[in-house]
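Quick notes on the structure that follows.
Every chain is named by a letter (A, B, C and D) in the order it is written, and numbering of its residues begins at 1.
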């Protein structure tokens, strides 16, 4: 029973949502819309599970005085402060402490982490773009042409040549044809994978995500 | 609800804009104010009524029956005759006896309107009048009309047809596989690498890091990842190698807990399961990436497995992992991130390989049958593309148009 | 003054993250743990205010009293109880004996989205692509696209050995994949550097006012 | 260890350092590497050039968020400077909830530099939610969507907005966006009202916008930092765009050199290894 009920629910809900796509009848689409909203609420409610896990892991770390337990205090304190400012006695409006902490701590930290990619993309290119085989050669040549074609210096290199020999034109051509053809192929194949997996989920063949029997 | 609401908003915006256009037309004479007032004769003559009005169900067999399409002929005074039609009033009513309410004010020169958000299937009476700013013409009516409530959207027939073909293929091959037919599945290089990587981590006495992406659990890549996780967890349980699973979504975290616990139980190592190793880090993309980088440098996993949906954090993780000296295997169907995994990891499962991997690992006939079905669907797709190209070349476009559903 | 303090905090955090490029260090560890904590608090609060409060709490506690419909606009306040209940069921995981009930919510969620995903994927990634790729083979570029697509699809055949004609197509597919990967890699460099320029500009201009 | 092996084993932190220097140096010493202007940028520049001074205003929709600011803000500055230089009136608005402060600061900075006066030369309408409805509504009557400017002054009391009712009195709209807002302007202002629209988008998005150029739905396009740099060249006022392009060019070339160096080292080391093996045998 513990397994059958969720599987039956999955089947019914999945089938209904599948059918919704083809049925313009208002009663079906209204119900489907309602259920989609339920999904967002389930996800929103789940955040508490995540935060619970976070607290548990860091609390144990502090209690056992494991390596770096001091940093765990940072995490828990930062979270508590955010909750305090955003709680029922605080406000999340523009200009509030909650908003300030978000804008001046989370935003710069996240965008700086993001910008680390500029360094990593260079180091990855250095060590990985090696002419080990013909295929690797193609990867390398395509990357170099596109990189050159996107900056002014690259444009200057081939300025005098006829249009169809300039780097910007080559870049554009590579992006529009071989690149697009390959990506369409990957997407099409992956789409079949998604659909097969979706079917298996609805039919209850794929159920690893539900975990164990007990 | 949200979509209905948005449609309504858009419709309201269109209606306001048309209304405004009508008002603008009306306001145009104001510019001529320089003409002495007494020269303008007071308009007491109503414009001639518009010509025949027709109403019919919009998108006859394709929608919920809540839209009606109207066409009329211009009033003889619109752009000709006395040339003073400023616009039209469209009236709608639920009964023949009253004109009802004005549903739209339309600018002169317009002969077409779609009335939306009606009660599906209900009968409506429409009438239209022309007005010149002061006077309104006689009304022109038409036969009552009702939207047809449809149960099937015919413009999506091609989608349903191919979907049924695909499901059919998957189910047939699954049955064949269950009956015991031997199915060949080609080697997927990245998969063997997973086992080697876990093996090496065991030899070195260091943990295995498994990142199930930052997709939500409704992302099929995440589900595929959980299937692969179950397999990986069984190996680590057998070898008693610690398995760290950082997640960016709370639901994925709890599903991962279940999957790993179950795997440890199945191999008879329930005590080796450490709940502290399945961690929720952060919903924020780069906070998550930063924290995973921290794990790589401090807990020094010898094998990093990235399976699932990744965005820009892919290279951030893979480069740090490389620097930390781990063997790395990635798998994703995110085309924009594949280039980075391919360059920075030792092996990468690309696109469909990620989905195929779960079938391959389990060696369950049911799942292998699905793979075979997918392959045949590729044959069907290729055949349709080639056939379409040939027919297109010969000038028959109807066939290809059947596949243009938007 | 307030702005300066906050900008300085932002700048210190920015530098702490960059220090990671040299090696893992206390500054980075602090920044990393801080952002995890801040974002946990942030999402907890935002999810509550954006989803739970308008769609569950308010309808159940207020709509019942006869106020105007809010939230999804369905009007029936008891409908809001269902997602509320599904959300609560997730928390049964905290109580091992009834933990299995959490699967009901998960089943609805995953099943629903699996069903929801199939048809649009079929439409956008298969049907529309057939329409878009069935090009008359009258120009070099059209031939290139069709061959590239067929080759890539051939590479993804799993249940046949890549030999003979399939092998030829699969090899072609790999060629296209490699060119595509290289080009995408090169194409992305620019936007990543733009991000870095943005951060450096924050440090040099907004914080230090050097340039 | 010979030179090749040393190169292969190079500490990647040297690469990081090089990238860091390449980004920082142009801030202080702009190289001013030549930037070639491409037709889409030229066309947008011409479109702004065609607007009559002190007459019907340019509508600039600054729709970017902090994440895409580095790429798009230089565009906003260049376009504003160009317009103000020619005494063209400018109306600024935003469709992005996080764009309010960004739009305001760019506008005020440019206006102050060029000595423009609020109300007579430019004005700021602020943010309105509902992208497509806002754009459609403005086609009918701007005052119904934005009854007052961002600071609470009714539009009717702003001198430069006198006689500006809807798109009929706006010769050009430019949207700067890192999301679908630029497309929304094409669909809801260009299509139904025939409004002339130009756009500035991130480098990654630019490819998706080329079709709109060839179909004349866009009068001109700025793609990423490069687009901003080209515009700066056209108005002969180099700033963050050109500076950024210096960094971009240097780093792109640097990465290419690194790739070559990596390969030379790789083959050098491999050859040596083979020689050693041969000697050992």
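The criterion applied here is as follows: contacts are C-beta pairs under 8 Å (C-beta built on N, C-alpha and C of every residue); 3 or more make two chains touch, one makes a residue touch a chain.
Just so you know, these numbers come straight off a predicted model, no measurement behind them.
Touching subunit B and subunit D at once are the following chains: A, C. Ranking all chains by how far their C-alpha centres lie from the centre of subunit C, first place goes to D. Highest inter-chain contact count (C-beta pairs) belongs to A-C. With centres defined as mean CA coordinates, subunit D is found 25 Å away from subunit A.
Rounded to a whole number, the gap between the C-alpha centres of subunit B and subunit C is 14 angstrom. Averaging Cα coordinates per chain places subunit A and subunit C 3 Å apart. In terms of their C-alpha centroids, the spacing between subunit A and subunit B amounts to 16 Å.
Within subunit B, the positions touching two or more other chains are listed as 1-2, 156, 159, 163, 166, 217-218, 220, 223, 251, 254-255, 281, 283-284, 286-287, 290, 298, 335, 338, 340, 342-343, 350-352, 356, 371, 374, 378, 381. Within subunit C, the positions touching two or more other chains are listed as 17, 20-21, 29, 31-32, 35-36, 38-40, 42-43, 72, 74, 90, 93, 106, 109-110, 112-114, 117-119, 122, 126, 133, 146, 149-150, 153, 156, 177, 180-182, 184-185, 187-190, 193, 195-196, 198. Contact with two or more other chains is made by residues 21-22, 33-34, 37, 39, 42-43, 46-51, 54, 68, 106, 109-111, 113-114, 116-119, 121, 123, 125, 127, 129, 139-140, 143-144, 147, 150-151, 175-176, 183, 186-190, 192, 194-195, 197-199, 201, 209-211, 214 of subunit A.
Across the interface of their complex, subunit B is touched by residues 21-26, 29-30, 33-34, 37, 39, 42-43, 46-51, 53-54, 56-57, 60, 67-68, 106, 109-111, 113-114, 116-117, 120-121, 123-125, 127-129, 139, 183, 186-190, 192-201, 205-206, 208-214 of subunit A.
Note for the complex: subunit B touches subunit A at residues 1-4, 62-66, 120, 149-153, 156, 159-160, 163, 166-167, 170, 216-218, 220, 223-224, 226-227, 230, 247, 249-251, 253-255, 257-259, 261-262, 265, 276, 278-281, 283-287, 289-290, 298, 312, 315-316, 318-320, 322, 333, 335, 338, 340, 342-344, 350-352, 354-356, 358, 366-367, 370-371, 373-374, 377-378, 381. Within the complex, the subunit A residues that touch subunit D are 107, 111, 114, 118-119, 121-123, 125-127, 129-131, 140, 143-144, 147-148, 150-156, 159, 168, 175-176. Interface residues of subunit D facing subunit C in the complex, by the touch rule stated above, are 13, 16, 19, 23-24, 27-28, 69-71, 202-204, 224-226, 240, 244, 247-248, 251-252, 255.
By the touch criterion stated above, subunit C contacts subunit D in their complex at residues 21-22, 187-191, 193-198, 200-201, 204, 210-211.
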